[in-house]
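Same chain, two partners: chain A is paired with chain B first, then with chain C.
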Partner chain A sequence: MSAIVQAENLSRFYGMVLGLNNVSFAIQPGITGVVGPNGAGKTTLFRLLLGQIRPSAGLLSVFGSTPWNNPAVQALVGYCPEGEQMPPGLRPLDWLVGLGLLSGLSTAEAKRRAQASLERVKLAPEHWSKRVTAYSKGMKQRVKLAQCLLHEPRLIVLDEPMNGLDPMGREDIASTLRQLAADGTSVLISSHILQDLEALCADFILLRWGRIPRSLNEGVSAETRARWPAATTFRCGAPAQLARFFFDRGLMQGCDIEADAGTLHVRWIDPQRFYAEFDRLLLESGVPIYEVSATESFLEKAIEPASSP
Partner chain B sequence: MATKLDLSRWRVRPHGVGYRRWTILFTGLRLLLRTRFFRLLVAVAWSAGLAIAVLGFVFSQSIASGGWLETLAAHSSARLEAIVIALGGFVSLYPDICVRGIFTLIFWVHSFVGLWFTLIALTVLIPRLITRDRASNALTIYLSRPLTTLDYLLGKLGMILGIILLTWTGPLVFGWLVSMLFATNRDFIVYSIAPLARALAFNGIALVALAAIALGVSALARTARNTTILWIGLWIIAGTMASPPHAPAWIRRASFSHDLGEVRERVLRLDTALSDAATQLPLLNPRFATSLSRAGERSRADDFGGALAGLGVFVIASSLVFTRLLRPE
Partner chain C sequence: MNANPPANPRPSTAPALRHEKPRWSRTFAGVWRLTIPRYFTARHALVLTAVLAGVALIAILFLRGRNGPANYLGWTANFYFTFLVPVLAFVTGGGVIRDEMKSPTLDYILTRPVPKPAFVAFTFVAHSLAAEIEFLLAGAIFVAVGLCYRAPGLLAAIPSLLVAQAGLVAGFTAFGFLCGAVTARYVVVGLVYGAIIEIGVGQIPTELNRLSMTHQVKSMLQPILAGHGSQFSNGIELLAPAAMLSTIGVLLAFTVVSVVLAAVVYSLRELARVNE
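Right after this comes the complex of A and B.
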């Protein structure tokens, strides 16, 4: 499968300030997550892809063309920015129709697609004619997502689309994005909610200080993600009894027990041994289990050095 | 599992860039015309156009033998009838001076009215022009569409052009056309063309200056209130400071309304029309001829070069502001 975005030695500086520094990457079709702390260069990367800023050095191609100031590329890309970017006082349906016209759609087609987009992001029709000033943050996020689906782009760039959404809203958006990906649309998404990204994305780009460090990106490679987590958290009825059970079978390297929360964090000697027959082991332990999860997500683990001094 | 994707939606070719620029213009004007105040303003502006038509009609009737003006005067008094007949004679003998002079006067008066309506309309429009898009950061979304900054600016420029057409140029041309429909002879068309062309030339100069200033002011501030304050400051406060007769030249040139006033006097040439009437028409009353001469002198542009330079500075400074603040990076 050929890459939809290709960057070679791409740099972007704002005077003396570093935006992106000599990064090379390729983005394949599907859902790709962009992860990094604030100021890592995520928004700079997005604006470069959208053709709103020009690279200071290096090459960037989106669908085989240079995106800078290139309406032909912009017509293929949809953008959902991070902030609240809607003119107050407008009704979402009117706004979306106007944006559809700006994308070159006829009035009838713009109206049809505006309604379809609002339906797709699960915004109830009774809200379509209300002014956006009366909207909750979650509803505004949905309208922003709808505007970027309006012209049916081939690549959707989403900057923190999950911000301000409750878990159900996040799941709604995630399922919409999965459906889009299944329909052939590629998605590039940044989010600080790493669990959501892990569940959603097939690929990742990790940014730090304007660079894409190889060590970080190896931490999120497909091979790494295929490995079992080295530590597991159990929420259960008797954490101490469960710890003793694992210890007796020689599975556990160490553990932390939070008796009040009924939680046990286990570090495995060999995770493969536990996960190969975890269902039988948990039944044998006789302890009521409420939840099993990886103690640390691979994304958290990968970007951990960035947050530590 | 083999999946078959329907990608035909990506082969549909959207409309071109001209359509997208037209969308900005049309959507902006449509939203503006939804406001009651603006609809009222446009209605009043077109009433002024109707007034031009009525004045032109009345004037053309003055030389029509047996026209309704002459009939009305004959029914009133013999003196009034004599005045009307004399007026008709003047127009027939000196059509170049009379027709050109009267239409210059009509267009000169309308240029005040049209400019005033345009400035009021711009007060409503300017906060919606660029300020709102910048304040809400919606500009980021607009420019992520297949739309360059140039397209965006051309669309906004089209909105200003639309406003001026609706409140000034449209009524002017409409009034002239209707008055010509009822003209009693060709002289009215032949001799009113030059004043019309000069009125349209002044319209064009005002369009360039006001469009640049409006875009600059709208791009400069980030809230509708600040934009309105800035615009009113530039228009009314600077205009008031420039109005005293002994105000320094640089203060007068710093007011775009004063500069436009000077340009109006030079372009419309009311002074020439009045002087020609005073010197070439055989006016029986010498005091009236002197009054016409004096009125002509008073309406002469004193500082046309300075005013034009002042407008040039406004246009350049405003263009720098909006191109700087709206450039994509």
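Right after this comes the complex of A and C.
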């Protein structure tokens, strides 16, 4: 499988300020999440990929070419920015048709694709006659996504596309992105909503202070993610009884019980032992179980050192 | 529970890069569609109305002064066509290119396969056409107010004034593009240029004064001003009709050179850094 983006010893500095510092990575086709705290270098990475800035050092190739001022690369890339600034005086169809023309589409084709894109992101037609500057945050996110689908790019770069969306809206966007990936479009997405990224992405790039620390990225490797979670949360009828049951069988290293909420957080000695026969064990406990979930997400766990003092 | 990686079908190969020829007509149509609606916003209409009202007020104040109608043509040529028009064209041109260095242009247009020089050139054409129309409105107000006060020679001068205005709008809009592409302090650059070239060099009674675009235009308008004995006609040499064409050529060259340089500067700059 050939990488669509490759970076070798890539650095970007803004005078004395560090943007990216000597990072090497490859992005494979599919959905890849970019995770990191504010100032980690996500926007710098995106701007480099979009050809808006040049690397200070190192090599970067997108579809085998350098992206700086390269229309051939830009023809294959779509971008959905984080900012909410929209062009004044334009309605969504006018805006999308104009952008479609800039992407080389004919007027008729641009109109057809503009309508299709707006329908794809589920922006209701009754809102098409409003000016985009008058849109709510959620509607702006949808029309921003629509404009980046317009020219059917092979790589979509999404900077915080879930911001301002309700859970249903987020699921709409997520299902659109899954469908795009299934159709062969690669997606590079950043979001502070880690659960969404975990559910969506096959690969991750974890950034911290302009670097891609190996230890952090090992924590989100496919191999690590294939392991069972080290801690599990149960919402159940009798958390204390369930804790005793696990303890008696030598499965549990420790636990926290929230009796009022009916919640039990369990840390396993060996998660594999529980998950190998969890259905039988839970039935055997005789405790009514309402919900089972991983206590902490692997992304939260992986970036934990970054947020700790 | 996310114990396993999400099912995410992956294509096995990355697509090959295609170097397609730019389709200039579509690019221009796109720039036109995205530029022109800006002139139809409520805010823009309000600003335009205020400017036009200001223009009318200035004209009326002059005409009510001593010998106002008699000197109106000369004053119009000197104040409006060779001062106000260049200043406004320069400021709006600089403002347009500065806006094109920010979001949403940066995020939505420059991430598309549009060569930056072509984008600058097409934006200039679209903006200049819109600006020419707006300046026509302002010019019409000057003429209408003058006609109301029976200013002599105005009707006969209209064709020459229109040519002068069209050339100045294009030239100084382009120069505004160039200065705006170079620096955010383009107004300061414009003031320095105006003081040194347009006012300073333009007053030197040698061939050097042809570097001043407004001097070129004043020279072009001189025959109509001289015919009406205007107090503003002193000290400017007369030009033959052939020389008028050369003035238009010089303005055109000034426009083209400014736009080309603006496009080069715009292409070479890392525009994403402008907003940081």
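What we mean here is this: the second predicted complex is superposed on the first by the 305 of 309 C-alpha atoms of A that agree within 3 Å, B and C clash if a C-alpha of one lies under 4 Å from a C-alpha of the other, contacts with A are read in each partner's own complex, and residues count from 1 in each chain.
The rule is short, and it goes like this: contacts are C-beta pairs under 8 Å (C-beta built on N, C-alpha and C of every residue); 3 or more make two chains touch, one makes a residue touch a chain.
No experiment lies behind these values; they were computed from the predicted model shown.
Trainee: Mind checking chain B and chain C on superposed chain A, clash or fit?
Mentor: clash
Trainee: A:Ile31 contacts which: chain B (first), chain C (second), both, neither?
Mentor: second
Trainee: Can A:Glu198 be said to touch chain B (first), chain C (second), both, or neither?
Mentor: Touch status of A:Glu198: second partner only.
Trainee: Please indicate which partner A:Gly184 is in contact with in the superposed arrangement: first for chain B, second for chain C, both, or neither.
Mentor: In the superposition, A:Gly184 contacts both chain B and chain C.
Trainee: With both complexes overlaid on chain A, does A:Gly64 touch chain B (first), chain C (second), both or neither?
Mentor: second
Trainee: Touch check for A:Leu102: first (chain B), second (chain C), both, or neither?
Mentor: Touch partners of A:Leu102: chain B and chain C.
Trainee: I'd like to know which partner A:Val77 touches here: chain B for first, chain C for second, both or neither.
Mentor: both
Trainee: In this superposed model, does chain C or chain B come into contact with more residues of chain A?
Mentor: C
Trainee: Considering only the touch criterion stated at the top, classify A:Glu152 as touching first (chain B), second (chain C), both, or neither.
Mentor: first
Trainee: By the touch definition at the top of the document, which applies to A:Ile53: first (chain B), second (chain C), both, or neither?
Mentor: In the superposition, A:Ile53 contacts both chain B and chain C.
Trainee: Using the superposition on chain A described above, determine whether A:Phe13 touches chain B (first), chain C (second), both, or neither.
Mentor: It touches nothing on chain B or chain C.
Trainee: Which listed stretch of chain B (3-11, 75-83, 111-119 or 183-191) steric-clashes with chain C in the superposition?
Mentor: 111-119
Trainee: In the superposed arrangement, what residues of chain A touch both chain B and chain C?
Mentor: In chain A, residues 50, 52-54, 69, 71-72, 74-79, 81, 83, 85-88, 98-99, 101-106, 147, 151, 154, 182, 184 are touched by chain B and also by chain C.
Trainee: Spell out the residues on chain A that touch chain C in their complex, using ranges where they run on.
Mentor: Going by the criterion above, the answer is residues 1-4, 14, 28-31, 47, 50, 52-54, 63-65, 69, 71-79, 81, 83, 85-90, 94-95, 97-107, 147, 151, 154, 178, 181-182, 184, 186, 198-202, 222, 225-229, 232, 275, 292-294, 297-298.
Trainee: Given the complex with chain A, which residues does chain B contribute to the contact?
Mentor: Within the complex, chain B contacts chain A at residues 3, 5-7, 9-10, 14-17, 19-20, 23-24, 27, 132-133, 136-138, 140-148, 328-329.
Trainee: Help me check something: in the complex, which residues belonging to chain A touch chain B?
Mentor: By the definition above, chain A touches chain B via 50, 52-54, 69, 71-72, 74-79, 81, 83-88, 98-99, 101-106, 144, 147, 151-152, 154, 182-184.
Trainee: Would you pull the chain C residues touching chain A in the complex into a rising list?
Mentor: Going through chain C, the ones touching chain A are 1-6, 8-20, 22-23, 26-27, 29-31, 33-34, 37-38, 40-41, 43-44, 102-104, 106-116, 267, 270-273, 276.
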